[in-house]
């Protein structure tokens, strides 16, 4: 097999983040090449560069030995690179054929020959073991069928290299198996597939070679036959984790929140659940960590518990109430605080002042003003105190939230939520995108709360954060709990396996002896 | 026979009255399918109505009037596109301002061109084009085949635009921009250029509708003579479910109000005319409540698109 | 009460200054274009401006006229601004204005035997309610069916105007039915004169009072705070448990009511009776007023003053300089274009600045 694609020293600088740091990738013709990595490892950025959506800050792309520069997705497509995005690029009100013909420059420039194109699509699909109805309206198709349409669309437009971004994330196991068959049929016909994933088993199953990315850099490229799933897990998670266990001042108290059999169905199709039969409890003075790769149900879990989404079934008992049946306002008024996953989109109103943002959760309460009016002077005093207590760096209490740095914005959210003196604190990605100092600060605040007896539900994709702060950890995978472990009783490898979809019981049963930890991974 | 003749007469009037609304609706339709919501058809029609009279008056040909009207429409369209596509300004606000501009500018220029005197300047209107033989068909002959050329053009545009939108590649590309500009962009379509073209061409078609008011239905310009037809066209597009044929039907139904009121008066039923003028708008609101939950309108209608 | 009055809650200094600069320069730009247009169509822009200013501010009577024209603009400007603050587009001010005028007129004519202290407030309340209910229709259609308020408000405009046409020509026509107008409202429902020797009436004072209420509601009340949060960030509103549907209904009700007051005051202070065409486009002018004022109370008063002066001075300009007064509306449209364009240019500029700062930061790092 000859090398078809060579990406050399690709760097991509986003404001404040180096998403790709001198990444090299070499893909051979006709292989399935997996890109494995955690969230933020730089997989998607690299592939968006390859398919022309982003321009690299530096670095070169060689296609079949020739230096290429892509200014748009069209350029890349014309050179035979097609990408199937996680969020499908399809227009639901149009038919399959129409979706494939948008922007088509081949043949008659005016006439839209649906019949002829539909026939070609059908033949193309059948050649690789897929079945599609060219005249079906895309919006009526299942998610798996839509993905098939995306693949056929890429082939129809002349793709030789097909990039699949987390293709199984939206599929049922049966659909995933069908997809793998398709991929095999494609590579048998000299197509090349780049497969982005964080799921170990499927990487092991489908790929020929794997390139592992971690924090924007390449860990290495391996032949899949020479790597065990355990090794892949360690390579993906990698870094030595500091177990600077934070001393507890107080024992864990009574049960505060008890979640039983919580499920949430997907809205459109009946098959597939976003949350599947989750049960757990959070005790007073305890941090329960929810780990897992992004998009495995964490956001839905938090939204169900805070009344933003309605769960399909189950209960969440808290102070004698079922949180799943209450409105957001009712929940938040029962000593629950919520640090939402996105401070800019949800946690703050960016064009408002800090004072106004500090009022967001409690403005309606009596101590924020009598009757129908807000007591802004009171709020201002409160804000000034919080800004001081939480050392928020801002020119004034009336600065707009959007003018603060990310760390200070997060401090504002944390200050507001913690100052509400909650009994239950739900914190999602509380340190995402923050610098080391700010992370440390937020962590200490959370620990303080824990020591005061607050029960904390900490959702995070940052391994270190979860391991450092949690008393117990539940790993979510496709809406299901893979297992519940104590940080001191688990290993990186075990965590990685659970995040990749292995159940804790299976891992522990299947393991005869401790896998040797290789020292110099890098 | 008498009754049939009356019906034929009503049909003739209805088709004639529907033509300008139909043209405006078709123009708006092109814009809507490119994702732009323009409530400024009223203003475009007004300035076009004036330009048509001015063109006919100064160049001595009603067709020169049409040309000038379409040119004026194109300028308004360009203005709309620059503000909403390039600068991503709020489309509704710009559309409302186009209406204000169309009304005030046409009034101003009318007084400048033709003076504030009470006598209106009259021009020649389009000549009726009778199609031999066909126009002799009883009852419907005159309604369908003895109209002014623009009426024919308006109705011929219905299948033409339908064919363009749903049977050609440029039409598919246009619709993809209105449905999801990001998808269109990744597939290599120049979203901004598409929107500019749709706006300018659409405005020219709307302008033709305006021209027909002052050089077809009437033969002079009167201040605010469009009298809400721009809004009726907007209603017709929604009521017609964003399909050319739907717009045609809607325009015919909406403009039949005149006809119905005549019939009712003859029959002695006293429904006031003003209630009939409400019908298009009431129907559209009802249609809107029914359609709102379904994907009838282009999905990205009214949302500015930002590349990258 | 002290807490309510303190103006510590200032908007951000820099952003505020930028906004004022945008409005100001856009207005100057549009005025310059208007002058150019006056010149292009063969008139003297200088003498036109002099006549305009003279007609708007040159005498007590002129100033009174400006106040008269300002009054409805303040109301419709607030109506548009209130909806905007909640993330809604109310284009139905014209229809709401007419409905408010109608209910106000009806109450002014048909309710009898009340002293002015009762009759006048009652009539004004009726005017408010007429517009408010008309606005509420659009709000309800949005909440219940998801119908876009942009379209429904436009449709409701023409429905309202047709309905008024019918009422004035039919059930409410002044006996014996020669002129299409209603009888005059009772004197107990008429707004007293504000400046003797002019047409300025107490409607202006009511408008200013409502500007204060507008400010109190949006920036001091809990409900107004909810409205602003939901208008700026729907996700944050949901996160904090704000009931957005209820707020949409409330805001469309209040916005409609404000526009209704524009019509009602015009009747009670100027026209005295209902005629089919009481508004020369005050409804749509409200958009320009609110845009220029950046949806702030003070800005709206300034915007209304500008366009009120235009309208008052426009007539003098037409008589003295022979420039058609419709040119005033041309300038108004140009102001809207210039404000939205410069707003977007400002955003692009800020974006560019942010990018530059980020680039510098990453280079340092």
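A, B and C label the chains in the order they appear, each numbered from 1.
FYI, contacts are C-beta pairs under 8 Å (C-beta built on N, C-alpha and C of every residue); 3 or more make two chains touch, one makes a residue touch a chain.
All values reported here derive from a predicted model rather than from experimental measurement.
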{"item": "Joint neighbours of chain B and chain A, given as chain labels", "value": "C"}
{"item": "Pair of chains joined by the greatest number of C-beta pairs in contact", "value": "B-C"}
{"item": "Centroid distance [mean C-alpha coordinates] between chain C and chain A, Å", "value": "47"}
{"item": "Separation of chain B from chain C, taking each centre as the mean of its C-alpha atoms, in whole Å", "value": "29"}
{"item": "Residues on chain A engaged by chain C in the complex (per definition of touch)", "value": "13, 15-16, 306-308, 327-332, 338, 340, 342, 345-353, 355-356, 359-361, 363-364, 368-369, 372-378, 380, 398-400"}
{"item": "Residue ranges of chain A in contact with chain B within the complex", "value": "53, 72-74, 77, 89-94, 98, 101-105, 108-112, 139"}
{"item": "Partner chain A, residues of chain C touching it in the complex", "value": "3-4, 6, 8-12, 15, 216, 220-223, 225-226, 228-229, 232-233, 235-236, 238-243, 355, 358-359, 361-362"}
{"item": "Residue ranges of chain B in contact with chain C within the complex", "value": "37, 39, 79, 83, 87-90, 92-94, 96-101, 103-105, 107-109, 111-112, 116, 228, 231, 234-235, 238, 272, 274-275, 277-278, 281-282, 284-285, 288-290, 292-293, 302"}
{"item": "Of chain B, residues touching chain A in the complex", "value": "166-173, 175-176, 179-180, 182-189, 295, 299"}
